[in-house]
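First comes the structure, then the notes that go with it.
As written, the chain order gives the labels A, B and C, with residue 1 at the start of each chain.
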Amino acid sequence: MAVETKPAGAVADHKEMLISGSEACAEALTLADLDVVTAYPIRPYDTVMQAIAKKIANGQLVAEYIVAEGEHSQFEIVKHASTVGARVFCGSSGVGWMYAMECLTVTPPLRVPMVCMVGNRALDDPGAFGVEHNDALVVRDLGWMLIWVDTAQEMLDTTLLAYRIAEDRRVFLPCAISADGAFLTHSQALCQVPSRALVDKFLPRYERGDLLLHPDNPITVAPQANEDWVIEIRRQNDEAMKRASTVIEEAYADFRKVMGRGPENPWFEEYMADDAEIILVGMGTISLPMKVGIRNMRAQGKKVGLVRPRWFRPFPTERIVKALSRASAIGVIDRDYSFGSPFNSGVVANEIRSAMYNADKRPPLMSFICGLGGREVTLEDVAKATDMCYAAAKAGKSDPKTHWLGVRE
Amino acid sequence: MAHFTCEVVYRGIFQKNLAARICRGIVLSARKAGRWGIAFGRYGDSPQRNGIPAKDFAIVADTQEELEQNMARYEPKEVDVTICVDDTLSKGVESWAWYGLQPINRLTISGGTLLMTSLQSPADLLKDIHKKDAPYSLALIRAKASFSGLWVYKEDHTEARILGALARIKPEFLSLDAVGQAIKEAEWGSDLKVASAQKAHERLESRPVKITEGNPEIPYSFEMPKWWEMREGVSIPAIPIGKPMEGGKGYVPERNPYFKKFTTRTMRPVIDFDKCVKCTLCWIQCPDSCFDVTPDGLYDANMEACCGCGVCEAVCPAKDCVTMVREDAFEDNASQWEMWRKDKGQYKTWMTDKIHSKEHITRSHGFRFRGQYEEEVKKELDSGGIEIIAGIPGENAESKK
Amino acid sequence: MPESTFTNATQILEPFKGVKKVTIEEYFTSGHRTCQGCESALVMKLMVKAAGPRTIVLGSTGCMYVANTTYYTTPWVVPWMHTQLGSSGSAALGTAAGLKALMKKGKMKSEPINVIAFCGDGGGADMGLGAISATLTHKEYNSLILLYDNESYANTDIQLSGSTPYGANTTFSPPGSVHRIIHTRWKKNTAGMLAAGHPECRYVATVDASYAVEMMNKVRKALTKGGPTFIHSLDPCPKGWDYDPMLSHELGELAVETGVFPLYEVEDGVVRHYGKSKAIVEGRPRKPVREYLLKQGRFAHFTEEDLGYFQSKVDEMWDKWEVPGVIPFWKERPGK
């Protein structure tokens, strides 16, 4: 349960609360005057739906709250609510997200700006509730915007930013905010919650414009198409995703101006990366043991840093290449897998490798897989990965093998 | 090194199995001479709809490499022989939206052949077939179009006749012997069919068509927009609401401008406005919303929109008010009500001529009862003409007898 | 929040008093790539003619999607949007909930807008049954789900569905030399099932476009009723059933006159047969099913045994069921 505490060093027009990532999301949705939300139980994301239910029951949020009979319907319902102009929210985890897959596929071409929370969870089988990133990653090719957060505060802020960006007419693409299961969804932290007045300055109303489905705007949406039309439609989506980068920069700048806080760099967090010899890369809450490990290693004289990508789609290619080119070696720790992919690496490692391909400076890249199914990423894992990166830096080339850390073998 | 490309243009569903047999037959016949071949339907035509024109292709080549040039494509750029198994398709084909009206001889190569089953004269056919800017031959098999459906097939030997005719047109690729062999070995084959193929081979009539001959009409077409010209969100404007016809009375719906559907029909309704009792049934039961409501409360079937299903004739309670007449009796899509309004006497003469021609009001297609096709075929197999006068169905049938 | 005038009211659509009083406007017009004689297209036309211009239609994948909005065009005059094969229930619910939320909160002008989601027998009674069921429990949202039943997955070139009649020829159930009948399942009783399973759903009806005015009046009643409603329409399909397209109207009538398809409505829990089905319940003899079946090529392979079996099942429906044609519960079984 959320507890209001007396702020020490609080931010103007903000209220400090002790809340989980899910509750922080619910706070943001209340401030955003959400219109329609659909719920279906699956762990660990559905704590957000429980939090929203409380908000509605206590009159803090006025929204249509529909419990669906399955994730496919859950997502389809809000997709349609969005087409008539309602601001919508949805979410799921693991195989629940998979059950909604048909809807996830169609929302980008339909240009439906739904904002979803994915409580990252391992995919069945076996049924396991711990964190893995494959669920959200599955939609990476389809036109979804994808972002990973690592604190409850970031969850709250990103929810507001996601609506601002997704509902911008230049974009109109769905956005999935990934929050690591358990660590974010279930742990409570101190958050600065902005006032409604501040949010109203930052977040305009959702206007669907010429795409609104309403008798005053008679259109046909998604007629059947054949090989004469599809590639043009895809090209439009390509353009929208490209425009999203500009909109993201604008939105964060505006956020900082209105809220008086917020990251300078929307795309990724850099931690002690300026002078780092080894830069580690990881998404989501893996950043926390990484940061602790980095501080320990710095104390030992090792210059290690972290780049934690936030936005995965659109992928900030030029900026990440610039940030990583400084290092003597890069270590990517994937909390996901991609069996049979090049070098049997995880998804993030393969994307970074691909981004670096044309760079003038291409430091050796080491690929690690760790923390699957909620296994904790330990300081030993981080140290081991760093040491292997140092070896690669010395040798001047990558070890093509992908290393699985923390496996009993 | 040579290859031979062939298309079959046909009425979707009604001639689906026929087209498949023809194309497979071509490939299997050519195989007898050691050639390679492929047979395929045009992907975009699927799912086929009753009457909507569709195409199948057969490609035969001396080598695998030549064959490959034509694989993994939706349709060849040109064909040596266009086989048209329903002569009402000579007016042109609109199989997809945005494709406009495409002449039946569009893909026929210069010097190629348009092979048709038809009882019309070449002169009459050339009133409908659009002019081509290259010469070609018009070859005719004297027979009515063969229509079946998805499940019950009419064994009237049309596929055998077509194969026999092809052997006469392209003997270097298909010998009559090879065709005979392939027919015999086919699941649907028989000695009788081999004989039909041979007869068709003998009786084929062919004549050259000059570039000056044909229908001079410019078929309508559309230009496809670029990706940045298209509305976003896979959205298009709805059709606007219709308007009264004249003086605030009557009603004319707006219609989809990119797909007109009139090339789907083999017959069209002819209305005797004097007999109309204004029951509204034709207007309300038409699945294609063809009927414009006139200011005097009559119903005028729009000939750009009508696809010839015949439901209007079936539901009309007034005797001889609506009569389905074969499409080859008409040369344009003119409004019948306008004709009638302008000169009732002249219209009556025109109309009477159409609806009293037994040949022209004979129903062209459709399964009605088990054993029907066998009855039809039994009648006049040899001369290639098949007569059936089926009863007019529908709840009002009794009142019309 | 601005003052809202929202009442969740529906439009008041009075029944048409006869075919000459029917709306003249077309809200589903010409230029769709459907088969000659497509009864489902007629259902679409009549459905929106009955509903009027202040309507939003959601169409799930199927013939009435692919054939209608073919290759990037449309015959729809009212706003229309595609939805997924199993999503008619979700589409109706989501659209209605979105409109309600916005109107309640004063973000959109309050007015009763018809929300109609349609589905075929495949998308509705098979894949999307769960979603439809869920929507029918949400009495706070007004919508109509219309299931057009051409008794197959027609758009994919005729495959059997849970609504395909016993023994019918489809590409998944071709009569072969060893097995004449592959499809031995009996048709699902969808409308009755939905009426029985959702006691708060205020209106469920079966319709047949051969009886056009009655069909339109059922649509109007459903839209006026309030809450989620469901209509099941039987659509003779000249392609899948294999018959002369001009017979569509006649076959629609024969389906009812033989008792194969019952016409009834369940309104606030009260079940009423209507049209020729009412006459049958009151004692009018049914035409033998063979009159209906043998006009269709999809049953051309039927033996006398098959026809007899089919007849016996239809007889059961009217002679033995507690609520004839609606609910398959018997008072007691003979013998045991």
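For the reader, a short list of remarks on this structure follows.
In the analysis below, a residue touches a chain if its C-beta (ideal position, glycine included) is under 8 Å from a C-beta of that chain, and two chains touch if they have at least 3 such contacts.
This structure is a prediction, so every number in the text was calculated from the model and none was measured.
Distances between chain centres, each the mean of the C-alpha atoms, put B farthest from subunit A. A comparison of the A-C and A-B interfaces places the larger number of contacting C-beta pairs at A-C.
Averaging C-alpha coordinates per chain places the centre of subunit B 32 Å away from that of subunit C.
Centres computed as Cα averages put subunit A at a distance of 43 Å from subunit C.
If you average the Cα atoms of subunit A and of subunit B, the two centres end up 56 Å apart. Multi-chain contact residues of subunit C (touching two or more other chains) are listed as 53, 66, 70-74, 76-80.
Looking at subunit B, one finds that residues 44, 96, 98, 236, 238 touch two or more other chains. Those residues of subunit A in touch with two or more other chains are numbered 218-223, 225-226, 228-229. Partner subunit C is touched in their complex by these residues of subunit B: 13, 44, 46-52, 96-98, 149-152, 236, 238-242, 251, 253-261, 264-265, 279-281, 284-290, 293, 302, 305, 307-311, 313-315, 324, 363, 365-370, 390, 393-395. Across the complex, subunit B meets subunit A through its residues 44, 74, 96, 98, 224-228, 230-238.
Subunit C meets subunit A in the complex at residues 1, 53-56, 58, 65-66, 69-74, 76-84, 86-87, 89-91, 93-95, 97-102, 104-105, 107-108, 113, 130-131, 133-134, 138.
Residue ranges of subunit A in contact with subunit B, taken from their complex: 109-111, 172, 210-211, 218-223, 225-229, 231-233, 235-236, 239-240.
Across the complex, subunit C meets subunit B through its residues 19-20, 22, 24-39, 41-42, 45-46, 53, 63, 66-67, 70-80, 154-158, 169, 209, 212, 238-240, 242-250, 253, 294-298, 300.
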